[in-house]
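One chain, chain A, links the two complexes that follow: it is found with chain B in the first and with chain C in the second.
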Partner chain A sequence: MTAAVEDRPLLRVDRLSVEFGGPAARLRVVDEVSFDIEAGETVGLVGESGSGKSITALSILRLVPEPPSHLAGGRVLLDGVDLTTLPRDQLPDIRGRDIAMIFQEPMSSLNPVQRIGDQVAEAILLHQKLDAASRRARVLDLLRLVGIPDPSRRIDAYPHQFSGGMRQRVMIAMALACNPRLLIADEPTTALDVTIQAQVLALLRDLKTEFGTAILLITHDLGVVAESCQRVVVMYAGRVVESGPVRAIFRNPSHPYTRALLQSIPRLDEERRRLHQIPGNVPPPGPLRAGCAFHTRCAERLLRCATDRPPMMQLGGGHQAACWLAGPMAQAPMAQAVTP
Partner chain B sequence: MSAVTERLDLLAPEPSRLAIVRMVILNRPSTIAAVCLILVFVAIATAAPLIAPYDPLAQSYIKINQSPSWEHWLGTDQFGRDVLSRMIYGSRNSLIIGVLAPLVAAIIGTTLGVVAGFFGGIIDRVISRLVDLLISFPELLLAIIIAAALGGGFWNIVIVLAAAFVPNFARVARAQTMAVRAEPYVEAAVASGVTQLRIIMRHIIPNIAAPIVVLMTLWTASAIRLEASLSFLGLGTQAPQPSWGNIIRDGLNNLFGSPWPVIGAGLAITSVVLAFNLLGDTIRDVLDPETSP
Partner chain C sequence: MTGPLLSVRDLRKVFNAQAGFGRPSAGVRAVDGISFDVEPGETLALVGESGCGKSTLGRLILQLIPASGGQVMFEGVDLVHLGTRPLREMRRRMQMVFQDPFGSLSPRRSVADIVAEPIDSFGLAPSRKARREMVADLLHQVGLPSSVMDRYPRQFSGGQRQRIGIARAIAAGPSFIVADEPVSALDVSVQAQVINLMQDLQESRGLTYLFIAHDLAVVRHIATRVAVMYLGRIVEIGPKARVYAAPHHPYTQALLSAAPNPDPDIPKRQIILTGDVPSPSNAPSGCAFHTRCPIAQARCRMEAPELRPVGGGHQAACHFATDHPIPVPS
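Then we have the complex of A and B:
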């Protein structure tokens, strides 16, 4: 594929909506989600369980089974090519070559009856013309790259002979096999213990600086985001509520949900107190909703929040938030606020 | 990463598959007996022309319905044929059909089941209803119906028994495929651009092979039993070719003169079926991670 035009992002997700179910019971799980990923950039996609972040990521590669799901609108542009309208038989050419994916269950993401080396080699076999010997050499390089000790011996081992962290490294090696330009990592560290988590994140960071791979890091861990990402997209109940540079979001969170999320992180440098919690639960997915998705749990809600969907307010420097209280409207009289 | 922690899992390798198999078999003398018995029958069937004392088809009107003697260990039948020789040659039929019918059924049934389980939707519904239809008949009844339509003979018995077994393989393959298809490694393979056919061949079938193999050993016993039943009813191996089933049928005519053909062939069928069932149980225990030690 040709090099991207300068002002075009590597990946543009444009007002993407995904619905589940038939016309009788239509559930909108991803609601007009938009964000860009520039080449070589790490973007964090943050949200609690059920916020639609995984479905958003899977929809980029059209990996959500249809039916029961279907695209309800929007586009996904990779270098200007719309993946949502691409014929289904062309998808395998994109998958693994341009965009690769790492999943959250390293323990079950490897085929138990296939040797590690064969699994890593599979993507190379599919997307590149290499003979068996150079394929094996490439697999050895990849295993070395992701920090598998003694790769020439481990290449012929089976997954059950690997620990969880080592399996996640193999998964990363598989994903990197064809030098993808975008790596989607769906909670790559959730199933790992903390020390291994740090190693895997460090590995992803190293790979990014070395190969310029853009990474979409899906996580519910804001600590991971602060450590690894340049930009953050915060999702709540299928919608993007706030996005922008990591610094701006952490210093000046402009959506009440982001603020509440940041307050819920335990800190070591403060005296121990009860952690902040957001009252209520994420609303279950339903049909199209009016108003702000967060208004039922928001401490600062206005009357209009229940009826009018807030637009993305531009706060400067690429920072934007979907809240009536953000941006110029923030100066509106607070008398309107109702106490919960 | 600390080199020490990484070496730990290399120090204590898991026991190999072969070691587990050896352990299970040594803990069960019945399995050893079963394997030995099967090997003995295989040897007899292979070396039939060498060890059979007479031609199994040679008739002799002066030796009709004899009791066991030093010349004829199991006596002779109503055509004066040596029963022992017929039993030895009959073992070929039983064993070959016993292996071939489940093998053919496994190939067809697994293909149907994997296609149904993998693609789902209307394809699954059509195949599943077809399988339900076939499975609602007991195997013997289904075999008799098809055999009555096709007639006897070696290949027809294989077709008849395979057709009767196909639904069992299709069901297991379908259920296993649906389970494996939902595994993250299949999703990961799709995400890395693997095509559907390759996913079926490389990721689904190797992972559902174990239960299919177990099913094959268990149905081998049934195939031997059913071949004997069909031959007994005159729908299986056709005279004058010997088979354990029609040796029993021929022997029934002279049961009170000489019961040895019936007893001999009956014992042969019973012991082979028992041996294959025992072997099947052991293989199931070895392949099932929940019961393997």
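Then we have the complex of A and C:
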């Protein structure tokens, strides 16, 4: 027990599967997703719309309504405690205190008729025993920390008096109110202008350095990932197709989807005559699929890709890809697969 | 060269905000004296953050909203002072592509009716059969099978909808298209498909684009020239290669520096601007950027800088324009 405890990640998502709908039409939107988050690190969860990245994140805190969804398998371990089997009345203790979450559109997450300061204070009220005066002082500290100018005046303002960037700062202040060990940020800068996005990303980096908060950053923007994350998890059609250290993913992408994605984005620093196109569209959610989820659009597919689900191939240094063509072991069995 | 396809001169748009709720009536100068040319066959990209007036400018050029002053010369004709009927005729030559082409359309109209809208309003099809053939040909040009003709918008993905929106825009054979954030709502793999399609059509049909966007990487890929807007004015304009390699206005420098680059090995030499974009209803005096500018001086608060040439067809509106990037304030 002792040795295992030492190596335990802060959060382990272990073969998590989430389905929607009844037995008649069952849609698997998260399919055996696994990844770890170590204390103090920033992990990027990337994918296009419909990849299941947001449902994965929401499922960690069991924020997806059940029904229509249900857990179809797997575990979510926070410090070794399985959140999926925790009694529902214990979840509020975890939310906000251990794990906090911020969303893309801060306006819809804030109460329009409640003062900013009272909303930030609510999280403190739920988890910490402080009198009104110290609570207000703590709120002022938090607003100052996230860079809201003139906090003693702004504390009594309403959300509509704030710009988009300032509202996202308020959300971050609320999330930080109880010093969570993990911050889940779902597209936190997608609705913001690029100069404001730079401010918010810098703020998240500072918080990580100062308080050691681990961050799960959900985004579709590979630029944001390259800039902010130590490790990356790439999702496609509900599955993890590749994960690893950020440099390995960008320098040596080993799943054809990751490669195609990187080639299809226009670059700031180089001229591309024509953008690489991935043919077709992301498949709509469906029942549990055989084979590799990407095989219908993959330029490198083998016959077995339609029928055999590729396992995670270990590529060294924590880099792994779910592709029959990835990895040093792939060569021999692959050759057999091509010739029917 | 026969001269520019489009010449915009001192174009202005003032929105009169309603007084009320403790707010005095005030004019919002959304577009504040803008001048530029667009050459035939080029793509001029208009970049800037939300509220800078780039979408308003696009709509003003097509006269979808009336201008408060200035000129829009299209093929030598001033659209601002043109009567309703001749303006309608000119609309055959200029079209618009929106971020979500179906956002403003009835979900009960078929794809054929949507694409054929310009064909119908200019009476370009002599018969029902000819109309169907024209629609089929347009769909083919944007990479869709003609079998989608009798289907309805909600049955299509974002990328397919944008293809349909583009088919509609080219239906009447325009020479000029204003594309307002045409790929912003699309996933990256689909975005690449639509960008490639727009470039193919530009080549095959000799189109000229005004491409409105906020994504600097997309703009770098598609533009011939780039104009950067801030609070209703163009602060920098020039050939793409020059603007990206040697931005002269401190706002352009900050914008380029803030854009995340999909490469973990590129050092982050970020100029992070402080504060938010000021409200256009209460624009700062002098140079509108001075409240956030790392090199602002007393003169910037008083005197609005005009665009001035910095070489190679490249202009910047800054009293202290320089191609030396501003040192990062620590």
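Following the convention adopted for this analysis, the second predicted complex is superposed on the first by the 324 of 340 C-alpha atoms of A that agree within 3 Å, B and C clash if a C-alpha of one lies under 4 Å from a C-alpha of the other, contacts with A are read in each partner's own complex, and residues count from 1 in each chain.
Throughout what follows, contacts are C-beta pairs under 8 Å (C-beta built on N, C-alpha and C of every residue); 3 or more make two chains touch, one makes a residue touch a chain.
Predicted model only: the values in this text are computed from it and were never measured.
Asks: Touching A:Arg88, do we find chain B (first), chain C (second), both, or neither?
Replies: So A:Arg88 meets neither chain B nor chain C here.
Asks: Have a look at where A:Gln199 lands relative to chain B and chain C in the superposition and call it first, second, both or neither.
Replies: both
Asks: In the overlay, answer first, second, both or neither for which of chain B and chain C A:Leu63 touches.
Replies: Touch status of A:Leu63: first partner only.
Asks: Does chain B (first) or chain C (second) touch A:His160, or do both, or does neither?
Replies: first
Asks: Is A:Ser109 contacted by the first partner chain B, the second partner chain C, both or neither?
Replies: first
Asks: Applying the touch criterion given at the start, work out whether A:Lys129 contacts chain B, chain C, both or neither, answering first, second, both or neither.
Replies: Touch status of A:Lys129: no partner.
Asks: Looking at chain A, does chain C or chain B touch more of its residues?
Replies: Of chain B and chain C, the partner in contact with more residues of chain A is C.
Asks: Touching chain B in one complex and chain C in the other: list those residues of chain A.
Replies: Shared contact residues on chain A (touching chain B in one complex, chain C in the other): 149, 163, 199.
Asks: Report the residues of chain A in contact with chain B in the complex, numbered from low to high.
Replies: Going by the criterion above, the answer is residues 61, 63, 91-97, 100-101, 103, 105, 108-114, 122-123, 126-127, 147, 149-150, 160-163, 171, 174-175, 177, 199.
Asks: Where on chain B does chain A make contact in their complex?
Replies: Those residues of chain B that touch chain A are 1, 3, 6-7, 9-10, 13-14, 183-185, 187-195, 198, 202-203, 206-207.
Asks: Which residues, counting only chain A, touch chain C once they are in their complex?
Replies: It comes out as residues 48-49, 149, 163, 165-166, 193-199, 201-202, 220-227, 246-247, 250-251, 260-262, 264-269, 271-272, 274-278, 281-282.
Asks: Under the stated contact criterion, what part of chain C meets chain A in this complex?
Replies: 49-50, 157, 159-160, 187-193, 195-196, 199, 214-218, 220-222, 244, 254-266, 268, 270, 272-277
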